[in-house]
């Protein structure tokens, strides 16, 4: 597998921040009351991941070991603050909803983890791709989780997307009429439960895939 | 006399009546006797006879080896026809070295030397006679009795407790022994008390044996140092630790012997055997065995020569009425499954119990409910459900930390468990694992020492070589010049 | 006095950092496998969280607001938190190597614990005074410790259960956390803030 | 003005923190790794090399770096693996351990030519015997590492499981179900 | 002579067993719940019976499905009867005229999320029925607080069989005429607390409330059976009711106008149900006597706090779940002292040789 | 960056860190400059929007957002926005926080007319449960409009119906409406207590104290 494909696959599925690494749990659960919020948070995080990845990669030869964590923190808080200010200025409604959690992207363990394990060893291009893929994987995971919670919880999908993200996103909005919703799902417990079941589903898929490939492997060895 | 309560315990169905009401019967001599050389805790005995030897009843067949061991004697007169492997009375069914004796039917005794006045013997003499008679604890543990008597010399014993608890369901051999041979038992008790230098002696009998209590009271009435104590029927009253607590209110500190708190415990059967040995010079060659259980046609107590195959006993008691689910040596709470009816009765065999399925209340195993009944009944104060979960998960060390080693294997927990979990079995397994690990650990230590020694040796050798080499080079240089 | 007590209880139970505010989930999920480690994490967090709540308040009111440099807030907060953690580590190491051995490994983890930065920001959002901030930090930390302890107890038991393969590991931990959070909803509506 | 102030503030904070970190790294950098020490302690110390490392010390270093699984040491078996896992704070999956049970070497009397090579190879000096004479293995000392069997020119050393007797018989684990 | 072939795989002692087994325990619990169930159905009519049947059906069906998916033995496991107990307890904690989907959904939630994902009977930690109740309460507060006034079966006001089916399956809100407030309502609303004659009603159960919680007497009868049969340890109900009563009495002394006395707390709401049937679910309760006492007292205190100051009208379910969550900690801290050891686990010192230390 | 400089910095971690701090704060400063005005504008918009909603029933010709006074009440300072018609204070609006919400504090903007009657109330921020407590939001339900025109002297029974008041509670979520009703009631009392001061202050005097950037 080429390196690029590897990175793409890692970010989207194999090493997905939410489903596989279980990092960045706070924004994952806190902002997925609806798919829209999840999307917004995911996009914000993606921007931070890409920028911080590029920055860390650019300076990878300069940064001394002892202070690398401190420098990463500096870089990330700068990027996050910039994102925060930008959103506050031009995506004001969404900023109000995600409020507290934008600054918290700084401590999102996922970003630190990526900086340390990937960006600090690769060229800026690769780091950017990795950040992008991790971010897209994160965004997708947040959207799926938000979508599930929102759909079961109140029978809508991407509600308020136009209001929060701008009119272009109005097409996303869906509403299931006549369905009252299971409130539990948009409350904190629902976040944990939905994520738990989604991860379980993923585990089951992986186990199936493994069993299949093992079966195939066994058949092959039997054949030779 | 005040009685103290011990923690936990259960009230299993006694099922003692079918055998308790019949007098002890005498088993006709079997065709073959299989006498294992290891019938006790400790080193096996070493054979002293050859195949083809003719031996007399009570003649020593094998002598004890090491400090914790016991000799083995011929249960009757006859010919040694084999010395080799035979099925051990052990759940594994593994073979054990066994002397096979073909009785000649004459029951001829060797010369015995009865003590003129057994109470004039010194402590050491009593202990020597007990050891030479091959007496081991008849209460189940089969620990050489002489070693325990000896302990009286090292620790002052203030209380001798005679264990007439017989708390196991079905078993009544001690009950019948006390009813029919109270006088001998009391004499044996006095001999043990003398041997230990005990200040007072308590014969503790569960209140479900009123006749035995009465008989022992009468027999002991003449001896002011001996009191007969009626203790409540509660399993495992007969267990040494629990009995000591019941009688004295003291607890034996973990890892200590009862002797260290001044108490010694012996079974009533042991007392009788001591009496026979010291007064009559007769070694331990037979014992009373309860043959019972719902599958036995005529359940009763029988005096049996050591080495009798279980099959002979079952046949003597009328055989099976139905196919038993399990045949046990010992009681149903602590006893072991018999690997086959060809396994012989040994010194520690208190009963042969054939259980029917209905009696066992067997039910399929389910998941632990966390109901805590096992905690309520555990006499040690363990939390069996937690132990079991850890053992199941292979976390033996965690189980050990929670006190696995303190478990008595009394089976109370498994008895009450509504989920029918094999708790005691799990614990047996865990204890085995712990022992195996300790063994491995010891070996690893040993290995480290050996490796270190080798390293030192190699280093020394290298150094020696190095010391020699320069010498040689100078030599060479000299010759060259 | 009563007000402060209610503030403490409220932050610990009603608005629990983990179960209601969704802060500090990574250590909550990651360091709750064993009770001992959970306790260590809880104690270390309690210490740091209380200290940083005070320190960030000081930085905010003595530095950022007077100089009108709100755009440096995240950066300075993070630096302050890192410094406090570092300081704590050194202090503990100096004072008690034993304690350092047991708590030390958790300290670096705390820097990336959202609960710390989150609490600092919440303090700001709620316009808490210095004392209130300290109490709020302590309350959050107590809530964190309480919940992580309960959760670790549950997980130790679940580790011995016969969980279906698909749910073993993370999923069952998440579900348990969800059910715990459901139980904590019982505290909702208690008249504390 | 704001600009300069903010730069000053952040630079000051950064410097301060950098100084702190520098201090901390000095504090931490100097100490030797106690984990390696404890690991070495836990390993059998017979330097047999079965783990693929040139002796227990190297094995311990590899372990501490996470390069080797805790189940690396066959002679140590389960007990050592668990200890290592404990020191490293990881869990240990007994499934990974090829649990072949303890083994013992036995010299076949009819094969042994008394070459003494086995004696030299044995890490625990568990083999006795003079040159040109029959060699025997001390059961107590043998760790079943197989080094002797490898060097024996006649293939006269077998590794055998320890036979089950009444003394070392253990209860099996009761069947599946859930506790 | 009948022969015997030995079993080659050795089994360890004990070889006999007490009579208790799981299905029998569950049957006894069902029996003990019968008086309360019967009273509930009698008081609230056919719709109540529908609710009971639907909740049980939901539980049993979910259990069967989960077992089948997990490839575990379905018949054998269902036979333990625990799903039925969960279903019945859930039903008894629901509003009697609950719509069909509420009972069914609750049953499925209880079994799937509360029990089977943990591995089935005994593997879960939090009470499945209470989880379902809380999940429903949080999700459907309207339906979960729609109480009806009792109208005994066959009385004029009681809906007939067909009408009952319409109420359960028809959907739509309850007619205002029958909706009513529970005995605990004044706690939150500040009205009059139950007067003398109302206490009799609370004991008999002729008040609005959950299906099975209203009749203290019926619950007490069943509870007594369980305690007598040793299926339920007495410490839990005693500590629970005791703590609740003491707290109620205390605050009642301080301010009778705001805080009702102990009787209302004990008899109104589901304290009795909880004390004997819910808190006592062995799976989530500690295993030592002291632990159980702490557990019971904790539930009692939490019930009081949530009832008196909390946002929900009844705190039983939350209190049980919270203490369930604390159970592993309690079990860990409260272990029995081991024979021959100090509480710390160190061996006893060799004490002076005196009887009865 | 030249390699020698890089190597030099690497050897002095403190300096390196300082350099990064410098760069970062420069970037932040630039970002701040770029967004500051925009954010201020947005926040002012928010405020104006809230005031528009709450004071729309009060005829005024000034910009209330810029006519504020700070009032001390029970230890806290409340910023009051005043709507004037021809220099006469016709009504006021201010934020009022209720701590009794279900999910946390609820912030209301309350507009009160000169007569001491509610002009309009809006919820500025809340974290009540979606689907239950969020009906206090005017976008979800008209409930909040029920306060319009009520005052301390209108004979209103202040309280939710369950408590014997006259305001509807939402089924299953009494806490939220109870909190809001209580807060509105309290805000009226606040108005009554400071009425003179609020209505009498000279025009424009307090404009300087205004902090348009932070309405809360």
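Observations
The first chain written gets the first letter, and so on, giving A, B, C, D, E and F; residue counts start at 1 in each chain.
By our rule, a residue touches a chain if its C-beta (ideal position, glycine included) is under 8 Å from a C-beta of that chain, and two chains touch if they have at least 3 such contacts.
Since the model is a prediction, treat every value here as computed from it, not as a measurement.
Compared with chain F, the chain whose C-alpha mean position is the greatest distance off is B. The interface with the largest number of contacting C-beta pairs joins chains B-E. In this assembly, the chain whose C-alpha centre lies farthest from chain C is B.
Chain centres here are Cα means. That of chain A falls 33 Å from that of chain F.
Separating the centre of chain A from that of chain D, both taken as means of CA atoms, is a distance of 41 Å. Mean C-alpha position of chain B lies 57 Å from that of chain C. The centroid of the Cα atoms in chain C and the matching centroid in chain F are 29 Å apart. Multi-chain contact residues of chain C (touching two or more other chains): 71-72, 75, 79, 82, 160-162, 167, 171-172, 175, 179, 182, 185, 188-189, 191. With touch defined as above, residues shared between interfaces to two or more other chains in chain E number as follows: 10, 12, 113, 117, 119-120, 122-123, 135, 138, 140-141, 311.
Contact of a single residue of chain A with at least two other chains is seen at positions 66-67, 70, 74, 77-78, 81, 85, 181, 183-184, 187, 189, 193, 200.
Against chain B, the residues of chain C that register as touching in their complex are 159-160, 162. Residues 2, 5-6, 9-10, 13-14, 16-17, 20-21, 23-24, 27, 178-179 of chain D are the ones that touch chain C when the two sit in their complex. Chain F makes touch with chain C in their complex at residues 24-25, 28-29, 31-32, 36, 99-100, 102-105, 175, 216.
Chain F meets chain A in the complex at residues 1, 6, 9-11, 13-14, 16-17, 20-21, 24, 27-28, 31-32, 34-35, 38-39, 42, 45-46, 125, 129-132. Residues 367, 389-390, 392-393 of chain B are the ones that touch chain C when the two sit in their complex.
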